[in-house]
Each structure stands twice: as structure tokens, then as C-alpha cells.
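Quick notes on the structure that follows.
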Amino acid sequence: MDRGPDGKVSVLDGASALAPPPPGTLRWLDLEGAADDVLERLRTGFDFHPLAIEDCRQFDQRPKLEEYNDHLFLVTQSFSCAGVHLAKVVLHELHAFLGASYLVTVHADHLDSVDEVWRRVQTTPAVFERGMDFVYYLLSSRMVESNLPILDRITDELEELEDRVLGRRPVRADLARIFELKRHLVALRKVLSPQRDTLAMLARRGDGRISERTSHYFRDVYDQLVRLNESIESNRDLLGNALDAYLSSVSNRTNEIMKYLTLLSAVFLPLAFVVGFFGQNFDSLPGVPHWTESRSLMHAMVGICLATPVVMIAWFRFRDWI
Amino acid sequence: MDRGPDGKVSVLDGASALAPPPPGTLRWLDLEGAADDVLERLRTGFDFHPLAIEDCRQFDQRPKLEEYNDHLFLVTQSFSCAGVHLAKVVLHELHAFLGASYLVTVHADHLDSVDEVWRRVQTTPAVFERGMDFVYYLLSSRMVESNLPILDRITDELEELEDRVLGRRPVRADLARIFELKRHLVALRKVLSPQRDTLAMLARRGDGRISERTSHYFRDVYDQLVRLNESIESNRDLLGNALDAYLSSVSNRTNEIMKYLTLLSAVFLPLAFVVGFFGQNFDSLPGVPHWTESRSLMHAMVGICLATPVVMIAWFRFRDWI
Amino acid sequence: MDRGPDGKVSVLDGASALAPPPPGTLRWLDLEGAADDVLERLRTGFDFHPLAIEDCRQFDQRPKLEEYNDHLFLVTQSFSCAGVHLAKVVLHELHAFLGASYLVTVHADHLDSVDEVWRRVQTTPAVFERGMDFVYYLLSSRMVESNLPILDRITDELEELEDRVLGRRPVRADLARIFELKRHLVALRKVLSPQRDTLAMLARRGDGRISERTSHYFRDVYDQLVRLNESIESNRDLLGNALDAYLSSVSNRTNEIMKYLTLLSAVFLPLAFVVGFFGQNFDSLPGVPHWTESRSLMHAMVGICLATPVVMIAWFRFRDWI
Amino acid sequence: MDRGPDGKVSVLDGASALAPPPPGTLRWLDLEGAADDVLERLRTGFDFHPLAIEDCRQFDQRPKLEEYNDHLFLVTQSFSCAGVHLAKVVLHELHAFLGASYLVTVHADHLDSVDEVWRRVQTTPAVFERGMDFVYYLLSSRMVESNLPILDRITDELEELEDRVLGRRPVRADLARIFELKRHLVALRKVLSPQRDTLAMLARRGDGRISERTSHYFRDVYDQLVRLNESIESNRDLLGNALDAYLSSVSNRTNEIMKYLTLLSAVFLPLAFVVGFFGQNFDSLPGVPHWTESRSLMHAMVGICLATPVVMIAWFRFRDWI
Amino acid sequence: MDRGPDGKVSVLDGASALAPPPPGTLRWLDLEGAADDVLERLRTGFDFHPLAIEDCRQFDQRPKLEEYNDHLFLVTQSFSCAGVHLAKVVLHELHAFLGASYLVTVHADHLDSVDEVWRRVQTTPAVFERGMDFVYYLLSSRMVESNLPILDRITDELEELEDRVLGRRPVRADLARIFELKRHLVALRKVLSPQRDTLAMLARRGDGRISERTSHYFRDVYDQLVRLNESIESNRDLLGNALDAYLSSVSNRTNEIMKYLTLLSAVFLPLAFVVGFFGQNFDSLPGVPHWTESRSLMHAMVGICLATPVVMIAWFRFRDWI
């Protein structure tokens, strides 16, 4: 259970051999950050396929189920998040060899899900007695559940975003956030969609490795994955809403600014003409008596200057523009 | 039939046991807001699967059909709405264990559909005699029908919205409403699409739990669900129309405002130049006799001032701009 | 053949019984706007399923094929249009019970298709001899064909619309028309897509009710429905084109108006500055001899006023802006 | 081989009978623009199904394969183009009855593909010996190949269009061209997609009409059709690019024009204020000595007039606006 | 191993015959840029199908698997890129005839993948002993892997692009780059999607040509192709993001420019009116004492000129516009 230069190797029954358990007993072997030679000993001990061992060296697989003669090779992935605003979304990957009497789990870093199940199995041996398939069910169930809070947060934030975007002036940060959430959703779908197919296969099986009793439990995990995938699709719809809301918000804003500009021009362009026209040296206005006329003109000009904006704005209101 | 701290437990034949009925008799057991220990007694009484009982604790499942050895576990969901403008859309969820001689229904709150069918069964024992599958058909039929008014309202409002948006200046509330309706449609589809698949399974069955006679009835409910799902798709198309109408309405409006602004500028910018040009101290205009010239210039200016807008607007009309 | 308060009931062999024909004979029964008690007599006479009779009361089904022990229950829908511009598009619905020796057709209003086939069967008894399935083929073929002119008109109008929208300034009526056509297409697809599936089933059948000889004919109707459905998809593409054309037409127009506004400003804003600058009381321009200078300035100003628009427009042309 | 009022009827072995060949011999019958009575003689001579003959009267079918007792009825369509810029895209349609010992081809107009294969068969009797299915393979292969140049031209033009649209100011003709190409693609897909399915059926067959040896050849045609259909999909993607490029080009242009307008206003609106402010009759500026002050003011004004545009443009550059 | 006018022909066991190896031995024949007569000798030597040989003349096939009596004909494609920014993306095509005892590979140009595997086989005869299917596995694995760096670069650049587009003013080169990347993705999908289907077939096979042991390896290549195809889909999503980001960036920019223009107008249009109004020859303002009044007016004007912009900008801030 200690972590040496070869990574941490834990065997539930305390045996140190990287090999199948003696007949009649069960064995769960957990390898964390296993070194190459440990994997090599694993391969020879259990007679695993070189390609499966090869996969265990690189943690960038996709969820899959591979069938070998006497065991299944399973890759499970899940996301966990930490911090507010989905600041740290981490992808976890668990490789598992599931035989009739053994379960070998391989992972690069510490996994909470594995830890939890390990402790539960240690404290409740009855769980262990139900078979290695049941232990694997517990692991996969834990890992699938760890995706839930992320999706819930995304849903919450998308609804918030949509309302926020519709209610105030569009801010570029909102747009960046929408794209960020979309990237999270794309990543989630990439993992959870093949994961669902894998679980569907486990839920349908009835051979020696997955007992019928346990397959009921896998069906439950499968149901949850179906719900998660549907939730992703709904969230993509919501995200489309938020994006449309943002874009129409920008258009609306352009409209408003334009309206204001037009209003300004409508009021002051005529005024500029009026003061320009009357500014033509009243005293020398040809054929018009000097003072009196000039005074009336002055009054006329002031009058027009006051009336123009009023008339303009009244007309705009009448046309239902403002 | 009274609701105590353990929730309301109703048994149709008055028996109080949470167990299957004696051979040769039928029993419908309805649990509303059941407490944990009631569910536990249910599990031991009927020997239900722990996962199904677990599902009955949390009402956030999706419609599904799970097959167990001697019964089916069914989750049905439906929406009901109250108030104008779909102000209160509520999701109902009904869990049911359907055996050959018993039906156990579990729900969190009061369900009108259950109530109605319960009363009908009480008053018309003949219905009860047709078997528990027929009773479940009545329940599912009622629940599916309760979705109809919501979809009808959405259809009506979407057609209205499209016309309204095309006919008047775009209002941001219309956009918010479009997104709200879309959210309703997404929620409806999330429920009604798996519901249809569940009913398809029931309509196809011919084993001991669903008699062939009843499967004809389930086919009818299935047909209705197909129609509902197609209606959702049509509504999504209509919604796309309303959104496109809104966006193009905003664009059109920008266009109109721009046109008006351009018109204003086209009329007053030349005028501003004219009055500016002629405002150059006529009396000192170099090389021009004082009074007479000034008068003609004055006339010229007034003439140009009157002619400019007329020419401009005529040219705009000729170019088919206004 | 007269229409009383119970609706019009027509029996081809003149018999008045709402029941299957005597062995060895064929019977076609047509019910138009049948009252409830007529339907009830039909149910008891033919022993039809209550749900199928229930469906015959409400004419808002979708095209479907339901199989019963000794007959098929078929729902067919089609559209017909009257007036120019698809002003009146009407949905027709025909319910039919097709047995080996009888055909019962039920419809709410007068149907041209039924009328036509009825007369053909009356005048050409040989047609009748080919079996009830052939008579139903004639009916379904007629009904499917009645959809053709609508789709043709939509296709024609969409191509027209696209050209019109691209060629002239966008008119809001065009947009409303695009949405209207889209609604027609959505309605057509909702009917013709399940209709195609129903016909596919009829074309594949080879049991007692549909003879292999007739199934060749149904394959022909199926082919036509496939073509119709493909035509709907092509029309949706065309409609997308028309909408894109409209939207880009609006954008283009905004562009043009902006260009004109910018042109106006580019010409007159500099001019306003020029006349403003030179309007500074030439005679008192500090340090400049009075008359001569003023005259040169005057010339300079007129020169600049003439040159500015020319230079501006030339530069715009050089930049390929107008 | 001459074309009379009944259309052109060509029989490869020179026989004039519209009937199957004597046992042990093969016959290819080609009908071009056949009159109704010729088709009627064909029907009786070969005992073809009336619906297939009916189809031969109207050349607006879709590619399909219909199986009859002793022959296949096949409809093939292809496009050919003439002139530059896909000015003349023509749809060709070939109907064929393929029996074990005969091939009857019916078409409305002269078809190059038929002509070519006819001549090849005449000059190389060995080809004929390989069976009627091989002759039909030659025909279908020729017809499928005739679609290639159209798709190639569309691909070329779309790439050109995208570059052109991105590189210069948007021209409405580009948009019209994009829509035209889209219509070509929609038409091509409508023909080539069912054609592919037909060929898939021919490639899979191994019964008496299509020998296994020939089915290898049909697989080759099928492969080409798969490539053609994939090419259509890629072209639709390219077309989406071109449309997006056009639309964003229009938006970009609006942006640029706006920027120029704003620049103009930013330079001249302040200037208009400056010259307006200083135009206030310097000589009578209250409380200021007449000449000297006026001269400094004059200098100040000219200075501000020169400085304003410089400052404005410098600030714009600093903000990275131009 | 030398390249003559007939192209380069390499035989692993040094034999020069273009024919299957003697029984009990294995042969790998590699043809680079083979001339027509070499292909002809290949056809007669191995009895390959003329259509397969025909395919080997033209290197524009799509990935496919064709089954012949005693061998498979396989077409594999892959991309490699050179230079920065995906400047040179090249498509490679490898045709292979895979028999039980021989592998014939045909390609137009030098292929690194073939070269590498050739050298590995030469140095490690054990690899060769595992069968021709294993050698082909090595080839296909190498070719599939060569696509990886392209997709990785596209992913990296798309994320960069999205950030860049959101962060600075939109540059047309970004748009052109988005379309270019999209074209790369379309090309990749066109190749990798049928490639995946081909590998799925190889992974499922268990007949004489692909041993079960090797099919495990092909499953590994298949998995990688599934991942590649999923990566393409994710990248298309990212690309949609980048395009949306670009378009909304343009809209945002229009908005900003408009805002600035409106601000300018809001400040200077009122000022122009003010200076125009007060410019009306104060000294002759009717009924107002000359100097003193004029001085107050002057102060008023200067005051209004200073106050207007301040008030305007304050109001804009209050309305949350800037």
C-alpha cells in the first residue's frame, strides 16, 4: 500500500503477487502510477494482451470494453471539478481487467472513487463476496456520479447566462463564457456517450463474468448515463439559446444606439440649418426695414428653435419609434 | 386512505397489508409521499428489487420500463400547467410496479390522474376485473392526455408570436418569451420521447403481464405519444420561424432607422453648406454691387434651400429607396 | 345514398345493413359525417375494435395502419388547395376498415377522391372484382396525387421568391410569405412522412388481405410518396435559400444606405468646415489687406468647395467603394 | 434504326419483333421517344407490368429498382452539362427492363451513353456474350461517369467563389451564384442518393439475372456513386463556407464604412465647432482689445484646426481602430 | 529495389517474379509508381481482378475493402503535413492485395510508412513470420498514426484562433484561416470515416486471411480511428465556436464604432447649434444694450459649450452606455 518508485500497488488480500488469486478466492489489485516493469510483471502474471498493457501506459483512451478469452478490459472516464465557476475540470481515467476471480484496476493518479470503494470493501467484506463484477459496478457507479455536479453547474450557469444576457448590455466576457461552457459540454459528450454504450453492453450481458444479479445494477448505471447524455443535449439547446440571446442582444443594442443617433441628428440638423439661415446678417437683409423686422425674425428664429425638437420628438412618438 | 406521517397509503380492497393479494384476487396499492420505512415494508412484502425501491425515493427519474422476474417497474412522467401563459408548468412522476395480480403506484404528491382512475375503478368494478394492465393503461392514458393542453397552448402562442413579431417593432420581451417556450419544448421532449419508447414496448408485449387485448389499448396511447412528439418537432420549426422573424425584424428596423438618418442628412447637410456659403457677409462680397446683388443672392439662397430637399427626396423615390 | 341526420351512408350493393356481406360477395360501405349511433351499429355489425371506432369520431389522427384479427384499420390524410397563392389549403382524412370481403370508409366531409373512385367502381364493375384491396389502392392513389399540385406550387413560388428577393429591395411581405410556405411544408411533412411508412407496409404485405398482385400497385403509390417526401426536403432547402437571400438582402441594403450616408458626409462635412473657416469676416482678417485678399480668399473658397466633392468621390472610386 | 412517328426502335440483332428473343439468343432493344402504341406492343410482347409501362410514358421518375417475376425494371438518371458555368445542366433518364436473355432500354431523347455502349457492343460482340447484365453495367457505368464533370466544376467554382468573396467587396452576383450552385447540388443529391442505393442492391445480388461475375463490376459503379455522394456532401460544406464568407464579408464592409464615417465625423465635427466658436465676430469680442487679440485668436484657431485631425487620428491608431 | 522506367519493384525475398510465392513461404511485393505493363504482369501473375488493377492505375480512390475469392483488396489513405501552419498537407494512398501467403502493396510515390515497416520486417524476420495480415496491420497502423499530428495542430490552432478572435479586433485573415481549417477537416473526415469502417470489418473478421490473433491488433487501429473521427467532430464544434466568435466580434465592433460615432455627434451637434445660435451678430441683437449684454451672452455661450459635453457624457454613463 506504499508508493515506491514503481507506483503504488495495493492488493486487497495482502498478497504481493501480481497474479490471479488461488482458486476459490477473490483478489482486487489496484495499481496507481505503475512503472513499466510493474506493468510487464502484470502482463506475465495474468497473461494479459500486450495491447491492453500498452493502453495502460497511456492515459488518453476513450471509454471502451474489450473482450478477451477469460477477462474483460474496461476503460472508464469521468470528470470532476473543483473551485467555483468550473475553474478546474479534471478528467479521470480508470483501466480495469475484470476476470471471474480478480479485478485489476490501473490509474495514473489518486482517484477518490477507487479510494472510497476500496475502503467500503475493506470494511464490509460482504460486498466483496458478491463478486468482482459487483465491485466493478460500485467503481463505475461512483465515477459516473462524479460527473453530475459539473452538469448541474453548467445547467444553472446557462440559465443564468441567458437571463443576464437578455437583461443587460452584452459583455464580451459573457460570450467567452458561453464558448467555454460549450467546450466543457463537447468534452463531456466525448466521454459520456461511449461510456453509455459500454454500460449498455455490461447491462445486457449474462455470461460468467457479469452475473445476472449484477447486470440489474449495471442497468441502473446505464440509466443514469442515458439521463446524463440527455442532459448534455438539453444543455446544448440552452447554450444555443444563450448564444442567440447574446447575438440578438448585440443587434438590439446597435438598433438602440442608431435610434439615439438618429434622434440627435433629427433634432440638431434642422436646428443647425435654422440658425444658419437666420444668421445671415439680419441688419442687412435686403428690402426689410432694419430694427422691427429684425426683432420679429429674431423671435421667429427662437420660436422655430424651440418648436423643432418638440415636433420631431412628437412625430417619432407617433410613429412608435421611441 | 388517510395521510399520516408515513404518507398516504391506499389499498383498493381495504386490506392494510403491503403485500401481494391472495391468489385469485387483484390488488391496487397507491402510495403518496411514502416514508422510507413504508417503502422498506413494500420491498420486503413484494420482494421488489432494492434499486427499484431506491428509485422510488427520488422523483427525478426518466420514463422507463424495467423488467423483473414477475413484475414490471414503470416510470411515467407528464406535465400539467395552470394559470395563463404557461406560468406554472409542473412535472408529475408516477412509479408503478405492475404484476399479474397487483399494481403498486408510488408518487410524491397528489396526482389528479391517479385520483380520477381510482374513483372510476371504485365506481365501476368491471374495469378492475379487466386486469391490472388495463388499470395501468387508464393511468398512462390519463397522464399522456394531460400534456395535450400545454402543447396546444405553445402552438397557439408561437403562431401568435410569429405574427406579432413580423407586424410590429421588435420588443425584447418577445425574444425572452421565445426562449422560454423553447425551454418548455426541450423539457417536454426530454420526457415524451422516452415515454413513447416505453409505450412502444408495452404495445408490442404479449406475455402474461400485458394481455393481448390490453396491448391494443397501449398501442392507442403509443399513437398519441407519436403525435405529441411530432407536434413537438413541428413546434420547434415554428419556434425557429419566430426567432428568425424576430432577428430579421431587428435587422429591418436597423435598416429603417438608417434610412431615416440618411434622409435627414441628405436634406440638411447640403442645406447647411448652402446657408454657410451664402452667409459670407454679402455686403462685402468682393466686386459685387451692394444691394441689388445681395437681394438676388438672397433669392438664390432661399430658392436653393427650398429646392434641395425636394430634389433629394425625388431622387430617393426614383431610386426606390423610400 | 341520401344524407339524413345520421350522415350519408352509401352501400355499393344497395344493401342497407351495416354488416359484412354474405359469403362470396364483396361490399364497400361509405360513411360521410356519420352520427354516433351509426358508428355504434357499425361496431356491432362488423365487430370492430372500440378504439378504432373511437378514432372514427375524431378526425385529427395521423396516417397509420393498425392490424386487427381479420381486417386492417387505415388512416390516410391528404391536402388539397383552392384559390391562388395556396390561400385555402384543406386537410382531408379518410378512415378505412379493409377486410377480405369488405371495405368500410369513414370521413367527415365530402371527399372528391372517394367520389371519383365510387363512380369508377359503379361504372366499371371489373374494378370491383379485383378485390377490396385494389379499391383501396385506387383511393389511396387518388389521395396521394391530390398533394402534388400543392408541392408544385410551393416549388414554383419558392424559386420565384428567391429571385425576387435577390433582385429588388427586401419587402417584409416576402418574409411573411417565406414563413407561411414553411408552415405549409411542415404540415405536409407531418402528413406525408407517416403516410409513406404506411404505404411501405402495404407494399411489403403478402397475406390474405393484400394480394401480391395489388401490392405491386401499392409499391407504385409508395414510390410516389417517396418522391413527394424528397420534394419536401428539396423545398426546405430552397426555403433556406430564400430566407438566406432575404436576410443577406437586408444586410446588403443596410450596407448601401450606409455607403450613401458616408458619401454624403464625406462631401458635405469638409465643405461645412471650409465655408465655416472662410466665413470668419474676411474684411477684418487680421493683418491682411482688405479687398484684394478677400477676393483671392473668395476664389480659394469657391475653388475648394468645388474641388472637395470631386476629390472625395475620385478617392472613393479608387478605393473601389462606389 | 430509323426514327418514324412511333419514335426510334433499334434491335441489336436486327429482328423487328418487340418480344423476347428465341431461346439461346440474346436481344437488346432500344426505344427512343416511343409512342404509346409501341409501348403497348412492348407490354404485350414481353408481358411487362402495366405500371412499369406507365412509368415509361413519363420521364420524371426517381432512380429505382423494381423486381418482377422474370425481370428487373430499373430507372437510372444522370446529369450532363454543356457550356461554361454550368449554363445548361440537363437531366437524362433511362428506363430499362433487364431479363435473363434480353435488355429493353427506353428513353425520351438521344442519350450519348446508350449510343456509345450500342456502338461498342456492335463492334465487340464478345461484350454482348457476357450477358445482358454486363451490357447494363456498361450503360449504368457510363451514365454515372457523366455526372463527374459537373461535380468537379462545382467544386472548382466553390473554392474560387470562397476566395473571391473573401478577397474583394461582396457582389450580389456572387450570392446569386452561391444559391444557383446550391440548387444544382440539391438536384444532384436527389438523383445520386437513390441511385447509389439501387446500385448497392445490384452489387449485392447473386441470382439468375445478375451473375456474380458482373456483380463485381456493379460494386465498382457503387463505389463511384459513394464517392460522388460524399463529394456532394463536401461541396455542401464548401458552399456553407462560401455563404458564410459572403455574409461576413458584408458585415465586414458595413464595419469598414462605419469606421470611415466615424473617422470623418471625428475630424470634422470638432472642426465645425472650432470655426463656429471663433467665428463670433472677433472684432466685437467683449472686453478684448481689437487687433492683436484677434490675431492671436486667429492663430489659435488655425492651430486648433490643424491639430484636431492629427490628435484624433493618432488616438484612433493608439486604440487600434484604423 | 532500384527504380527503373517501370517504377520501383521490391520483393522481400529477392525473387523477381510477380507471382504468388512457392507454397510454405511468404512474399511481400512492393510496387512504387508501377508502369502499366508491370501492373498487367501483376494481374496475370496473381490472377487479380481487372477492376482492382484498374483502381491501381488511378490514385483517387476512397478507403475501401473489397473481397475476392482468395484475397482482399484494400485501399488505405492518410494525410501527412509538413511545414508550419499546415502549409503542405499531402494525401497518401496505399493499395494492397492481401492473400494468405502474400501481400502486394502498390503506391504512386515514396511512402514513409511503407519504408519504415519494410525495414522493420527486414531486420526482424520474426515479424514476417506472424503472417501477412500482421504486416498489413503494421502498415495500416503506421498510416493511421501519421494523421495524428495534423489533427493535433488543428485543435491547437482552433483554440488559439477562438481566443485571438475574441480578444482583439477581427482580422479578415482569421476568417480565411477558419475556412481553411474547415476544408482540412472536411478532407480528413472524407478519408478517416470510410477508413474506420474498413478497419471495423478487419477487426471483426476471423477467416483464413485475418487470424484471430491479428484481429485484436486491428481492433486497436479501429479504436484509434474512432478516436480520430470523434476528434474531427469535436474540432468541427470548435470551428463553429471560432466562426461564431468571429461574427459576433464583427458585430461587437460595429456596435463600438457606432457608440463612438453617437458620442461624437451627441457632444458636437448641440455645440454646433449653440455656437450657431450665439453667432447671430450679438451687437445688433434687437432691443438689447450693446456691450454689457453681449459680454454676459459670451459668458453664457462659453459656459454652455463647456457644460454640454459634460452633461452628455454623464447622462451616457448613467444610462450605462459607455
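Chains: A, B, C, D and E, in written order; residue numbering restarts at 1 for each.
Simple rule for what comes next: a residue touches a chain if its C-beta (ideal position, glycine included) is under 8 Å from a C-beta of that chain, and two chains touch if they have at least 3 such contacts.
Keep in mind that this is a model prediction, so the values were computed, not measured.
Trainee: Give me the chains shared as neighbours by chain A and chain D.
Mentor: E
Trainee: Could you report, rounded to a multiple of 5°, the rotation needed to superpose chain A's C-alpha atoms on chain B?
Mentor: An angle of 70 degrees brings one copy onto the other.
Trainee: So the centre of each chain is just the mean of its C-alpha atoms; given that, what is the distance between chain C and chain D in Å?
Mentor: Chain centroid spacing, chain C to chain D, equals 24 Å.
Trainee: Using the average of all C-alpha atoms in each chain as its centre, how far is it in Å between chain C and chain E?
Mentor: Whole-Å distance between the two chain centres: 39.
Trainee: At least two other chains touched by the same residue of chain E: list those residues.
Mentor: Expected reply: 247, 251, 254, 258, 261, 265, 269, 272, 276, 279, 281.
Trainee: List, in order, the chains that make up the ring, beginning at chain A and going on to chain B.
Mentor: A, B, C, D, E
Trainee: Where on chain A is chain E touching in the complex?
Mentor: It comes out as residues 49, 51, 61-62, 64, 66, 168-170, 172, 175-176, 179, 182-183, 186-187, 190, 243, 246-247, 250-251, 253-254, 257-258, 260-261, 264-265, 268-269, 271-272, 275-276, 278-279, 281-283, 291, 294-295, 298, 301, 305.
Trainee: Given the complex with chain B, which residues does chain A contribute to the contact?
Mentor: Residues of chain A touching chain B: 162, 166, 216-217, 219-220, 223, 226-227, 230, 234, 237-238, 241, 244-245, 248, 251-252, 254-255, 258-259, 261-262, 265-266, 269-270, 272-273, 276-277, 279-281, 284-287, 320-321.
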